[in-house]
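Below: a set of structures, written as structure tokens.
What follows is chain A paired twice: with chain B in the first complex and chain C in the second.
After this line comes the complex of A and B, so read on.
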């Protein structure tokens, strides 16, 4: 078990820079998930830690050792590959014993360790089989077993569940979670599946275009996304964004194309600084309601239900805001300014609401939606960094 | 027979019959001359030129076989041929496997031109290489030695072997080696413990090809070997030809006997030629 530390890690492939300076400290015993869209550099980061790629610039530490120039075998790590990479000519037993044999562990000790691991991974009946005689889930367990039998300092997992069917994936996710709680080995897990990231990780590192966008607990990255990318990437369906600008001196409000919403009281101070500037107003689908009555005095906004997705426990409403402006003072001088005309150029805006299945909304209805502004977000129009 | 049916799955019975008629015809064309040789080898000395077309002649005899086995240098030719052919096969494998691996996995300057150049060497007719090879062997004092002959045969079999093995290594997922490195293997160790065991089909083909290249080769052997004691079987059997009269009976018997090792080798390796060994390595 050990801490893993990446110091300003840069990786070039030819002229393309895949990693543009990664600084990351992964505490000892932590389960960290590297999350991001394909091509964001998460797998490259993992392969650099494993020693399968050469570092262009920067430093990698595992424990107290700088491992930049150590071959994979000296880094005391184990890796589970997306493809499992089981040795096809060896039995399950030999696959698991391979690493121990290479390290010249005593035969009795190998036998005892492999059998104990097989027991833990429920592989005992399959020890004499070859990988091609196993199902996908069993192969996956052999791959994990092969990693843990060596008791390495760090586990590296590269999308290990992506080849399993949905049901098995959920099951293995729980097993991996349990395994980590039992073994407490530092684990770095790469995935593009935010569901996996949220459920497995103690810490989530969100990457995009070779840069770390945010690192934090699943709750923190969900509730306090650092920028528009993280806000849009975490959560399914994703956060809704409305282009807007800030108007109003004393009581600033978001001026959208066809409606306006007040800035929540606790954020007025900071938003005053954005007066007249473009921002993105963000709200998660679950923070939009379509109730007919609202006791909290939220401002109703009319919207049309384009598509309704019934998921059983909840409904996704795909809504579009109406094109006509029904903001009362749209004729005012400010409202006819260039900024407003720019917004109005593309007035119809679609967004998603996640509502109670008892909601009476039907496809084609014009409904009144209300936004829970306490849970809203605002992002700088240019830098896309979170304002609040 | 299982292969017969599963392979033909999806084809109409008519198409299947047509395919098999064609295959049977091709087999007959290939096997008929061999059967004629068998017939000639069974005829007694006097009736070699008989017009009788029956497969086993009425006066069939094994005297040609006893003559070739016990009254000629047959065993010596066989030994020489085996030494030369097995060495060619072995050395080709030892050199082609690492070379093919390097071409498959590593990036280096001249990789692409190198591969193409290997193919280009195959474009020249072997007879064109005779003179340069002869001069080289003289300069290396390898003329009239097995080593020199093996050296020549390898120049023919190596390019092909490297290509075959490179192609096969390309199909083995690199994940397997990376897993081995992480498990504690050196790159060399991964090659020997993971890649080579998975490559038996390609290795067998390569070995078989190299063996056969050397086994029935005549012209190069004729030039390199001058000492009768070193003759391989193609040279040896030709000594049965006289200037005025050729002893076709023993000649045919020798030709048949000599083909046995190749047939045996082919049958022994055919089991490994069936690929699909990497199934189950990756994904599910």
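After this line comes the complex of A and C, so read on.
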């Protein structure tokens, strides 16, 4: 077990810079998930740690050792590949024993370790089979087994569950989680699936375009996204954004294209600084309600239900704020200002609400939605960094 | 699926019909397929199947130039006398030994050198296409021209091989007049000629191996040699097996190079089984004897192929 530390890691492929300076310390024994869309550099980061790619600039430490110039086999790591990369001409036993044999471990010790690992991974009945005679889930377990049998300091996992069907993926997710609790080996796990990241990681590192956007616990990155990218990437359905600008002196409010909402009291101070500036108002689907009555005095906004998705325990409403709803608010003096015209250019805005299945809303209805402003977010219009 | 003749099975399986009916139905269903195959079947029958049985029959006769197509003599069956003669001739065993040696040297060099070049070509070279074209050239030249060219290169006085040897201070070698060196010379030519085929086959095999296997092996701690031994070779097996079988058969039966460069000489020093058969058939006109010899060659290769394919199967194919 060891800490993994990346210091200003840069990786170029030809003229393209894939990683633009990654600084990251992964504490000993943590399960860290690198999360991001394809091409964000997460797999490249993993391959640099593994030693499968050469570092362009920066340093990698595993434990106390700087490993930049060490070949993969001397880094004391094990990797689970997306395609598993099980040796097809070897049995499950030989696949797991291969690394130990190459390290000249005693035959009895190899036998004992492989059998113990097979027992733990529930692979004992399949030891004599070749990979092609196994199901997808079994292959996946062999790939993990091959990694843990060597008892490495760090596990690297490159989207290991992406080849499994949805049900098996959930099952394996739980197994991987249990395995980590048991072994407590530092694990770096790459995925583009935010559900996987949220459920598996002690820590999530969100990457985009070769830069770390945010690192934190699943709860933290969900509730306090550092910027608009993180806010939109974490959560399914994603956070809704409304282009807006800040107006009102004493009691600032978000002026959207077709409606306005007050800034929550605790954020007034900071938002006054943004008076007249463009911002993005963000709200998660579960913080929008379509109740007919509202006890908390929230401001109703009219919206049309375009599509309704019934998921059993909840309903996703795909809503659009209709242009007509805007008319009442247009009396504002600001209505003629440039910024306002800019917002007005694209008045119909679609957003998603996650509501109770008992909600009476139907497709095509005009409903009154209410935003839980306490849970709202605001992002700087230019830098896209979170304001609150 | 097998259909049993038990009464219970008969009533359970409604499609159980007499063989003749089933055959007719099969023909009716697949008529077009057979019509399309017919030309190929005919050609194979004429140029392969008929000659094969003809030669087999011939092997048990004393057919020669004097009794074939002769008005007063006819070839007679001679109760395997051709085989007895071949197996009691000490020369046969010498030539057989040399043929095996010739085959082993050639195939081993073809595969090892072809693999070496393929591995080099499989790297990210800038002008890979150019190298590949150059390396394939020997294969593209007609064998007659290759043989003529090399016969001149091996000329004791004027050939470039000796000129090069002398320029680095080595003595000239009498390539085509000394039996040992003549054998070395024909081996060199045939190796030169056979490398490109193996190289292309192996390169194709190498390119189909996913780099992830090598990455996994590196993480497992495999050295370059261990990766070659444990990853490359097993993955190449499906392409290597047929290539080695074909290469062996071709080399074992390779008449062209030896015949065109040395005619089996000097003093039969480069004679292999096929050149010996060729001489018996077309210089000595002993058709029955040559046919018997050919049958023996065929059986040797048949046994080799069966043995080799069985030995390499089951050791683990790669899917």
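Going forward, the second predicted complex is superposed on the first by the 382 of 388 C-alpha atoms of A that agree within 3 Å, B and C clash if a C-alpha of one lies under 4 Å from a C-alpha of the other, contacts with A are read in each partner's own complex, and residues count from 1 in each chain.
To be clear about the criterion, a contact is a pair of C-beta atoms (placed from the backbone, for glycine too) under 8 Å apart; a residue touches a chain by one contact, two chains touch by 3 or more.
As the structure is a computational prediction, the values presented were derived from the model and not from experiment.
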Fit or clash for chain B plus chain C once both are placed on chain A?
clash
Which holds for A:134: it touches chain B only (first), chain C only (second), both, or neither?
first
Of the partners chain B and chain C, which touch A:52 in the superposed model: first, second, both, neither?
both
Go through the superposed model and pick first if A:71 touches only chain B, second if only chain C, both, or neither.
both
A:79 contacts which: chain B (first), chain C (second), both, neither?
both
Chain B versus chain C as contact partner of A:36, first or second or both or neither:
neither
Looking at chain A, does chain C or chain B touch more of its residues?
B
For A:87, select first, second, both or neither according to whether it touches chain B, chain C, the two together, or no partner.
both
Have a look at where A:103 lands relative to chain B and chain C in the superposition and call it first, second, both or neither.
both
For chain A, what residues appear in both contact lists, the one with chain B and the one with chain C?
50-52, 71-73, 77-79, 81, 83, 85, 87-89, 98-99, 102-103, 130, 132, 146, 150
Contact residues on chain B for chain A in the complex?
173, 175-176, 178-186, 189, 193-194, 197-198, 277-284
Of all residues in chain A, those that touch chain B in their complex:
50-52, 71-73, 77-79, 81, 83-89, 98-99, 102-103, 130-137, 139-140, 146, 150, 163-164
With touch defined as at the start, can you tell me which chain A residues reach chain C in the complex?
50-52, 71-73, 77-79, 81, 83, 85, 87-90, 98-99, 102-103, 130, 132, 146, 150
Sort out for me which residues of chain C touch chain A in the complex.
210, 212-213, 215-222, 226, 230-231, 234-235, 237, 316-319
